[in-house]
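Chain IDs A, B, C and D follow the sequence of writing; residue 1 opens each chain.
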Amino acid sequence: MLGEGLLKGLAETARNFFGSYAGKDRLTTLQFPEERAPRIEASRNFPFLVYDGADPEAGLRCVSCFICEKECPPKCIFIEKSTDKKPDAVGKQQFYPARFNIDVSVCMSCQICVEVCPFDAIKMDVAFEEASTGRFSDLLWPKQRLAKSNDYYHEIHPTEAAGVDAELAAARAKAAAPKPAPAAAPAAAPAAPPASGGAAE
Amino acid sequence: MSAQTVDQIFVLIKAWLMGHVPIAFQPIASAILSVAPVLVVFPLLFAITTVLERKGLGRMQNRYGPNRVGPYGFLQPMADGIKSLTKEDIIPRSADAVVHFLAPLLLVLASFLAYAVLPIGRNMVITDLNAGVLFFFAIGSMVELAVFMAGWSSRSKYSLLGAMRAVAQMISYEIPLVLSAIVVIMATGTLSTVAIVDKQAVYTHGVAHWFLFTPWGFVGFILFMIAATAESNRSPFDLPEGESEIIAGYYIEYSGFKFALFFLGEYLGMFATSGLAITLFLGGWSAPVSFLTWIPSYIWFFLKLLVFIFVFIWVRGTFPRLRMDQLMGLAWKFMLPMTLLNVFDVGIWHLMPHGILRWIVCTAVLILPAMLLSRTLNRKQKLQTRTYRYAD
Amino acid sequence: MTVTFLILAALTIIGASAAMGLRNLIHCVLALTLGFVGLAMLYLELGAQFVGFTQILVYVGAVAILSVFAIMMTRSAGPHAEPALSASWIIGLVVAGATFAVLAWAILSSGITAPATEAPDVSVKQIGDALMHSYAVPLEIMGLLLTAALIGAVIIAMPQEKTP
Amino acid sequence: MSPLTSYLLLSAMIFSIGLAGALSRRNAILVLSGIELMLNAANLNFIAFWRYGPNPAALTGIMFTIFSISIAAAEAAVGLGIILAVYRHTRNTDLDQMNSMKG
């Protein structure tokens, strides 16, 4: 009979309509500014720079190696190398970025800069309420705005940060040891992932 | 105050006000006093309906509707109105400026004119025309012209496509609309809306003589509502608007207040056709059972209208849009035969003696062909390769 | 002659002459619709309610829309380079002017006077009764004619079978 | 001028406008519109004579007008159908160029 399916459909929408007043399972919307969904650990938005310790200038892990700038597909990273050197996360004397800008109006959140960084200095942020009224000035983020502490990194991506910290600690220990015994090095090398090897360099 | 007074309160107020007007101005004062409430109440109902519609649709799609402006979002139409009033009124450079300007005015004018013959309550009608129902359909046909003017004058392909779809659809569905209304005219023997309601506001065994409670009335009502939905371009017959295909159809090139006027006209048309359906089949302002007649007549009318609005929203939240050939197929292959059959059926009803036999015969006359027809139409059709006459 | 009549007559004449005089065909049809609405209102003014509404329903709702569709389908809506008037337009105007002169002379010199009577009250029921009794045969013939016209229009406008 | 005379004059005016349009326009659709106008002028005459005539209760004028409107509707449908058919054949709606039967 013509119209049977129509009635079925009407019944379904009616069930949704009245069910939305009865329980939460038919009203799945979150009222955003007041209610927030629990954060998903793997979510990502724009990159930020990690620093260790309390001082964003001194603790910045970035050594301005320009790899991320070269790899960035939309070319939204601009780095200016410093003239002097400062100790990096491992303790070695390195250059640091005098300027580090990301144009977030161009950034496409591809995470390639994070993949290629040998120093675990750039990571993906989860903050998304970044709207601003300045079309040009407010969307070019300088180093000061990009720098966020390691604690913040632990807060947003705990498992990932723990892994990074372990590697850095291993690298620091390796750098601190004067000359490791030749027997120990080959045993550690295959076990360590290649990233740690690069970081220790 | 007796129930009688409450029922007639607006009529009494008007009579009292008219007593203060000098004789020379009485005709025009009477006209203003009759028209002004309609000009206030139905746009207000439009404002409320937009909120209710958005909230209702939201609930059907497992979300809240608008709930930010004012308590429970009920001030949303105010915000929308202010927004559309303050927006820039853009007229495309290649548009036909005069026709472009006139189209929304004609649409709203035609939509408002239709209320002239709707009895909103007992003794509450602007004019009791002798040919009221005919007037309603004549005014309804002016809407088509307004839609065409809007679509053509914009000089945009989308709007022209939308206008062509709208005109084709409205012309096709006007025939079932009029034919399904004719059964009531046949049964009452009058075209006057007031007389039609008066014929239905009588009770036997406490139940009103609504035409909905007869087999032909029930079928006629359903057919009328399908045609009315198509006529007012509501989902699932919203091909002329089709946001996902032709963006907004014939009013895509309108902005600001004129765009709001198109919305107003569309909703007013929907209320007016619902009002006519109430008048023709649901006894207008009369109560369904005699012990509820103490409720004022205008409240009954607006209660019924609200139910209609809810059903319109419900249908919009449920059904997907039809394809053009399905639309035309429904009009010409299903609606038209069924309405003609219904006209035949009301003749049988009129000629047979009262009793249970009349019910059985009339129901059978409608049900059997409907089942046959739906079986024929539902039969799996063989798909054939499409040929395009104009595209290549 | 009342003010209402003058306004409606002006509306009708403006609509009709614009319909015959404008260049853009769609404008012509819209103006023609205005003329038809003016005529419908004149019918209402004369007390013929049913005819007035039928006029709007048929002319505004059907004939105007049909003409518009025909214009769109024959692609004559755009701007035209060729003149809108035919080669023998002067003859046409002269003939029309002469017709009007003769008609006006006939009307004015006939001396018909009609007393301004009360408008007769004609209900739809009376019209229906007349249609069903004294005009039943013309009504049937009209139905036949309309059916024939419907079928004929469909057949004429049907795409011709392409013969290979 | 009595009301009847003014209605008759208006009707004559509309008839002449329709005639002028039908005789002088090139487009076939507009010629058809001119003919519609002439029919309408006749209808106005019918209604005016019914209203001011001696026997309005007979409804003759109204009946004539109703039948005339139906005929006009049929005429419009068939006429536009013919125009569409001719257009499909000649790709043209210009009446001055439809002269293939000229000797």
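Here is the rule we use: contacts are C-beta pairs under 8 Å (C-beta built on N, C-alpha and C of every residue); 3 or more make two chains touch, one makes a residue touch a chain.
Please read all numbers here as calculations on a predicted model, not as lab measurements.
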{"item": "C-D compared against A-B, more contacting pairs", "value": "C-D"}
{"item": "Centre-of-Cα separation between chain D and chain C, whole angstrom", "value": "6"}
{"item": "Averaged-CA centre spacing for the pair chain D and chain B, given as whole angstrom", "value": "34"}
{"item": "Centre-of-Cα separation between chain C and chain A, whole angstrom", "value": "75"}
{"item": "Separation of mean Cα positions, chain B and chain A [Å, integer]", "value": "56"}
{"item": "Overlap residues in chain B, where contacts from two or more other chains coincide", "value": "none"}
{"item": "Junction residues of chain D - those touching two or more other chains", "value": "none"}
{"item": "Overall pattern in which the protein chains touch one another (line/ring/star/complete/other)", "value": "line"}
{"item": "Each pair of chains that touches, named by its two labels", "value": "A-B, B-C, C-D"}
{"item": "Touch list for chain C against partner chain B, complex", "value": "26-27, 30, 33, 49-50, 53-54, 56-57, 60-62, 64-65, 68-69, 72, 77, 123-125, 159"}
{"item": "Residue ranges of chain A touching chain B (in the complex, touch as defined)", "value": "1-3, 6, 9-10, 12-14, 16-17, 20-21, 26-29, 31"}
{"item": "Chain C-facing residues of chain D, complex", "value": "1-10, 12-27, 29-30, 32-34, 36-37, 40, 43-44, 47-48, 50-53, 56-57, 59, 61-63, 65-67, 69-78, 80-85, 87-88, 93-96"}
{"item": "Chain C residues touching chain D - in the complex, by the definition given at the top", "value": "1, 5, 9, 12-13, 16-17, 19-21, 25, 28-29, 32, 35-36, 39, 42-43, 46-48, 50-51, 54-55, 58-59, 62-63, 66-67, 69-71, 73-74, 76, 82-89, 91-93, 95-97, 99-100, 103-104, 107-108, 112-117, 119-120, 122, 126-127, 130-131, 135, 138, 142, 145-146, 149-150, 152-154, 156-157, 159-160"}
{"item": "Chain B residues touching chain A - in the complex, by the definition given at the top", "value": "56, 59-64, 67, 314-315, 317-319, 334, 370-371, 373-374, 377-378"}
